[in-house]
Amino acid sequence: MNEVERTLEALLFLSADPVPLDALAEAVQAPLHVTASALESLRESLDFERRGLVVREVAGGWAMSSHPDAEEAARRLLRKPRTPPLTPAQAETLAIVAYLQPVSRPEIARIRGVSAESAAATLIERGLIEEAGRSRFGAVLYRTTELFLRLFGLNEVGDLPDVAEWDPSPEVEAALRDRLLRAGEARAGLAPATDSA
Amino acid sequence: MRAADLELDLDVFTGPFDLLLTLVLREELDLLEVDLADVVLTYLDHLEGRGELDLEVTTEFLVLIAALLELKSRLMLPREEVDFDLELEPGEAAEELLARLLEAHRFRGAASFLADRLADEEGHRFRSAPLPPWLRRARTDEAPTGVYAPALLGAALGGLLRMPAPIDLHHVTDVKVTVSERVAHLRALLRRGSFDFDEAVARADRTTVAVTLFALLELYKRGEATWTQDEPFAAITVRASASAASEAARA
Amino acid sequence: MNEVERTLEALLFLSADPVPLDALAEAVQAPLHVTASALESLRESLDFERRGLVVREVAGGWAMSSHPDAEEAARRLLRKPRTPPLTPAQAETLAIVAYLQPVSRPEIARIRGVSAESAAATLIERGLIEEAGRSRFGAVLYRTTELFLRLFGLNEVGDLPDVAEWDPSPEVEAALRDRLLRAGEARAGLAPATDSA
């Protein structure tokens, strides 16, 4: 495979959308006709060698995609929820949403003592939590999803385990939400860390 | 500009700040002779000249100058002090400084390795394209059930309910002497018109000496006292300031 | 190229993240050892035919990327400047996290001698480090991410060189120690040692 072809292969691999011929020619610094014939021979060689990738000219330019023959395997690999172990930040964020839902993002951040932005984004992306309207102050509220229940093997949110089992100071009498907020503020150094309740 | 590059022109040294640090650590320059206040003034001039504040560089400067001040103050302390066990011996201080220097050295090396490695690896670009639509959304009914244990959530919440331990302050000595006590003590001595500062702190521990000095400064601020000292380490004579004295006379 | 290889090529093309061997084997419905050797021969054929793509084992899985030779053209096409290089503060913070993980922010600040707050925030934003639970004092701990491994071409954190590699030589260290100690003692001896004050 010559220099222009391999560079074009790399460029098409990196581009999410079809790339116009002239943009490719400019990037590989070759004349248009050289670029066009290199693309053609790249397309043929992928086909001839029965590779897993396909290069095609579509509306708007050239694009690379996976070969249709690999569709079944791709479905097996990708079309199931990704369930890597939850990071501590994700577990904390998800626990707050699960037990206090609906709960706003600022409230989650107050309880955790650090921002929950990226953890919440990942949980949304994986379909474990979703937006549930806005609080009266305009903050986005979150709740857990059907997928959450399924992945945790629960019938309903009420089946979540009783926190008492993990409660470090069960003698304290106050609503879960208040106690979480108080501990969060103490961690953030906003309040004296004494057990005032 | 890094703080280390700050150009200095001091009585005992001319050159960049980092060279000063090196020479001090190699004992080729006596830290006791270096006027650290001049270093700070040079830096302030530099900041003024730039007209903007680079927090990273300023922080670096503060750390360096604080380390030098700490070292210098330790060097000035009499070694035989035994009742003052809050602080490290100069030797221990040097050990601690050395340990920090070595650790920082190690991680600076690792840092430049990582920076180079990232630059080398940059040519390997990964594709960041969304999945084709037919693969994009997993259906809930295809999801495996019970992948995660609900206990994970309970445990996470339990961790968040834990109050952090109160900050342990037992290593901080109790303040046994207050500025107002020492102010009263100095005022009593001032009634004689003047006194020697050594007299005011005779047999006092180091903390009391320091607090007495604060008290003296307070009296100066209020216009009640002033002092003279003929040469460094000579006796300090404290006397009621003129205005205070005249007021006392009127009273 | 055989069926398994071309399917694997298609799967790696589609996957945004490195894919572990067992997930690939399950998707192509082949035994682990068959999958492993197919990946190996895919890797070799891409290399041998001087193609624009590279298949490597990184971050605990297999991943496809563009060939570094195409970097210049990629930069022209994507008009994306290089990923910004690490600032010294970020590199130091990242090095401390990489070697000591999980490590808390106060600990990082202690080693660096300066606050690590903004450097850590940038590294989190760039996805190079993430939270890893809390210390017993409630401080957030950090660790490196999979993206870190991927961008640095590492299969696991254990692949990093021994940090002792950057220690000053024992001679330099001994000389430094000796001078520091002598400086301290000499000064202490010279200082006015009266206790009458």
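For the reader, a short list of remarks on this structure follows.
Letters A, B and C name the chains as they come in the text, with residue numbers starting at 1 for each one.
Here, a residue touches a chain if its C-beta (ideal position, glycine included) is under 8 Å from a C-beta of that chain, and two chains touch if they have at least 3 such contacts.
Because the structure is predicted, anything quoted here is derived from the model rather than measured.
Farthest chain from chain B, judged by C-alpha centroids: A. Taking the mean of each chain's C-alpha atoms as its centre, the chain lying closest to the overall protein C-alpha centroid is C. Here the spacing of chain B and chain C, counted between their Cα centres, is 32 Å. Averaged Cα coordinates give chain A a centre that lies 43 Å from the centre of chain B.
Averaged C-alpha coordinates put the centre of chain A at 21 Å from the centre of chain C.
For chain B, the set of residues touching two or more other chains reads 125, 127-129, 131-132, 135, 159, 162, 164-165. In chain C, the residues that reach two or more other chains under the touch definition are 13-14, 64, 66-67, 69-70, 74, 133-134, 138.
Within the complex formed with chain A, the residues of chain B that make contact are 125, 127-132, 134-135, 138, 140, 142-167. Of all the residues in chain B, the ones that touch chain C in their complex are 25-27, 31-32, 55-56, 59-60, 63, 67, 74-81, 89-91, 93-95, 97-98, 100-115, 117-129, 131-132, 135, 159, 162, 164-165, 198, 201, 209, 233.
By the touch rule above, chain C contacts chain A in their complex via residues 1, 5-11, 13-15, 19, 23-24, 26-29, 49-53, 64, 66-67, 69-70, 73-74, 76-78, 124, 127, 130-134, 138, 140.
Note for the complex: chain A touches chain B at residues 10, 13-16, 65-66, 71, 74-75, 78-81, 83, 86, 88, 91-92, 94-96, 98-99, 111-112, 127, 145-147, 150-154, 159-163, 165-169, 176, 179-180, 182-184, 186-187, 192-195.
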